[in-house]
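Below you'll find the structures, each written out as structure tokens.
Shared between the two complexes below is chain A, which pairs with chain B and chain C, respectively.
And then the complex of A and B:
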């Protein structure tokens, strides 16, 4: 009797939440998968099933390929900057836990991760500005000719990577700090008694022991890199917001196909590509973790 | 050089080594302070620029403290744009999203954690699996759902995307399993407590810490949301502050001073809030790393 009451409570309390969850998560995810197989155009009445045609078209679509290439470069660029920097910073911050500035170190690195994205991006936009920005002025001191940071197709990617890395760094440092705090102190004590220098124990103990964390942070950084949009929207649109000047990233291409060209099915197939990328990255993470778990 | 913070105390008795350790630590401190300041510099310039005259913004090297601080930029931004309405929209959206996410996570996390059954295990597995799917993947169908509800251009429409958080459900479930003993719930039930009473007076108080962390996380997530509000809001008065600012900066006549002023209006309260809630926030974010 009591048992039954408990289950009635559980069912009644959980049902509305699961209903919401299904409506705002499961259903749209299913829709994305379904629409990607249809020629689903807002303007036309006919929305026929076309199998994998959308994906076939994507392969030859120069705009999509540009978007995919740019996004991949950004994601891996951010990764390459963020991981080594974060690992080093976390090691130093952890080493100086007793310093009276310890909370300043954490806060200053972490703050860019939490502040609103658009104002932060605007600050960087000013820094990179070709005419008014301090970056060109600074380079001018060293005799470097001013560059059109945000207009050059290669440099604008660099700018986006710098902005994204500046934001991603705080999260990575924080997760690494948790990792450092969980490392077994006895192991380091033993290494020290055996005559290992601090540098050696960093290379041969910390880095291997933190591998699961490195893996996790790498995947999170890559996934958020593949979803980059706001940063490109702010940095790489000129003062009139001319769309031609935007750095084409996946989400931008998706939104344009859906809301400017009204090709929702086609945009959904791009979303599926994004989903596959994320799934593959996660799968790689789990596989590598499983290999490691025997040892750590 | 790096490693456990306990080392430094052990080298007493060897003055030259002690000196070396001290100097290394000093160098590390200097580096970390310089790095931290460099990280903050873009934000500092942004706030400084907000108080500068157009002439001073062009000065090289840029000044950190304006010579001749002015409120002109703020005045003209506030009169030209519905900045306060945008802030209100963002605030309302973020608060409602926080309320919804903490409530749904608390209830479902508790039930998924303390009511063992095969069905619920499957339910939890599904939630966990969808947690890795980024919002961008399904936002377009979600947009059409909101459109069908006639909720475009409203806070309600914004909210649809931010009602639940898979990670929040996961986080609360973890905490329920680890910090709420079954015996406690049984004892309350034997004493005749109803299920609602157990949830409100036994479970919820024990979840205060993780719920606070989750709440702060949810608030900042909604406050800084960009892509979803950008597609859901298309009328000027329904923008959130992020979208408003982003579209404002593409205008013809916008200069750095006014743009910085508008940004500073957004930045200063969120930075202040962060400094106050830092502990909760760090806790919440740190727990995202414990997934595996």
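And then the complex of A and C:
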């Protein structure tokens, strides 16, 4: 009887939270899935069911393919830069814990994560400016010719990757630091007694033991990489006199199809594709990084 | 039932009756107060600089509509377009609205019956050739019925720097597209290595959205071409591929890659012109006011384009019912009174659509307006078609153009240019076909 009451109480206590979660999370996802099967222009009362036609059109849409390719390059580019850099920085900061500058190191690495995106992106836009930017000035000292960072098709992608990685790094370092602080010191002591160098301890102990952290950080980084939008938008913002090459990314394409082209059903099908990609990649990461015991 | 109870029930009924009478009186009084209260009208604009104009119009209506309260909400265009879409699509808006929309954006709402037809007096006013040319009347109408009141237009002309022209030995603005090329070469300033430091002709080469395609369409029009052309059945087809398209795209490519008079990373647009970083560029009349504010000492002039200009007509539409709708339409008509139209030109810089205005005093004071308001004989105006897919068409063309501008090999390869234009044309026709708009 008591057990039943506990269950009822738990159910009632959770019900509001579950209801809110269903309303703000599950319902929009379900509605997006449903809309992807319709042709709807947001204004019309008619909303004909068209089955998978939106998805068929996506396959042949060059702008969607370009957006998908760019987004994938950005997401994996950010991942490839962020994970090893964050791991190395976290290791360096952790092994300087006793230093009186330890908190300064942590703060300075984490700062980009808390800085508002728009001013940060504008600052990077100035750094990348072909004529007035300090990056080209710096390269000039080494005899490198100035580059049109924000206009070249390849370099403009690199700019977004650098900006996103710069922002993601602080959070990744913070999580890795938590991981480092939870590693058992006895293992390192044993390794030291067995003659392992610091580099060997890092390679053969820290990295395997931090696998769960790496999994978490890589999933978060990859998912946010696939959702990139504001960075691409601001770096190419159409302000008077200083535009840049518009790097087409998936979220930008979705917004354009929804609110510029009024093709909500079509944009929903893009959102479904993005959802599937993120789910599949997350699944792959879980599979690759899962420990043999099944724990992550 | 006791006597006391009966008395109590009678008393209760009496109280109820008197309560009803009082409630009725209060209701009637409230209704009277509401009737006597001000009528409220909200103007939604997508051009923040238009706010003083709408306030000026509202002030001018005080004598005739003493109880009319007008609030103006002018926000940037893209945000404005989103709020109009959400408000009209959801039907949630209950306020009396005067909505400023360009004709091509409004087409979606008219096609979906989300904006009402104009009343008879407004229709008669808009249809009167003495008030508006056919061009503006047609772009405020759908299927022969008037829905909006033409207000102003975005129209482009050439802005050129007089000092730079003088230094290059040029005494008059370019009159043909070939002259645009030769002028651009003469006007480009270069450093010792030959790299351009001041562009001869600032062309729109990058940036987000459809601006790249709009500017290209303007140049294409000078060569006699058009991205979309109306067919005999009233539908549309793309006519991008062809001699005009090739010449227009080649002009960009030659200027970027061969003559090197301009490059994507060079400062561009009004800001560059105001700072002396470009010698000439094509833009709307709002730049005149911008120059007055930011570069008042700049020596410049304006000139019409060789063949004609893109015109983006902006109209006022109404979303209201009953007496408030009458007030809203009255506001739209007041905005078109000659005095108000001239006030808009003088103080805001957008071009009035009303016919027969005497702009001589304004053009005498600010000669740069002449190229916009006094079109040469035979000067053609064209508009982006008011069809649902206009924005999508422009976005697609812009994406192709930006990629093409970066391809130096195209500058010497007419066949490759033709193939690119042909592929784009096919893509645009597929979009038109999807929406049932493809003509024969």
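Note that the second predicted complex is superposed on the first by the 251 of 296 C-alpha atoms of A that agree within 3 Å, B and C clash if a C-alpha of one lies under 4 Å from a C-alpha of the other, contacts with A are read in each partner's own complex, and residues count from 1 in each chain.
Keep in mind that, in the parts below, a residue touches a chain if its C-beta (ideal position, glycine included) is under 8 Å from a C-beta of that chain, and two chains touch if they have at least 3 such contacts.
What you see is a predicted model, and the numbers here were worked out from it, not measured in a lab.
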Chain B versus chain C as contact partner of A:236, first or second or both or neither: second
Most chain A residues touched (candidates chain B, chain C): B
Which of chain B and chain C A:52 touches, first, second, both or neither: neither
Which of chain B and chain C A:19 touches, first, second, both or neither: neither
Partner chain(s) touched by A:69 [first = chain B, second = chain C, both, neither]: neither
First (chain B), second (chain C), both or neither touched by A:190: neither
First, second, both or neither for A:259, with chain B first and chain C second: both
Partner chain(s) touched by A:283 [first = chain B, second = chain C, both, neither]: neither
Footprint overlap on chain A, comparing chain B with chain C: 233, 237, 240-241, 259
Residues on chain A engaged by chain C in the complex (per definition of touch): 41-45, 62-63, 66, 130-131, 148, 150-153, 233, 236-238, 240-246, 248, 256, 259-263
Chain B residues within the chain A interface of the complex: 1-8, 25, 28-29, 31-33, 35-37, 39-40, 42-43, 45-46, 49, 57-58, 60-62, 104, 107-108, 111-112, 115, 120, 123, 126-127, 130, 132-142, 144-145, 160-161, 163-164, 166, 189, 195-196, 199, 220, 223-224, 226-227, 230-231, 241-242, 245-247, 249-252, 254, 256, 259-260, 263-264, 266-267, 270-271, 274-275, 278, 281-282, 285-286, 288-292
Partner chain A, residues of chain C touching it in the complex: 81-82, 85, 88-89, 108-109, 112, 114, 206-209, 211, 263-272, 275, 277, 388-389, 391-392, 395-396, 399, 402-403, 406, 427
Footprint of chain B on chain A - complex, ascending: 2, 5-7, 9-10, 13-14, 17-18, 20-21, 23-29, 31-32, 35, 89, 91-99, 101, 104-120, 122-127, 129, 132, 134, 137, 166, 169, 171, 174-175, 177-179, 185, 188, 192, 197-199, 201-202, 206, 212-213, 216-217, 223, 226-227, 229-230, 233-234, 237, 239-241, 251, 254-255, 258-259, 264, 267-268, 271-272, 274-275, 278-279, 282, 289
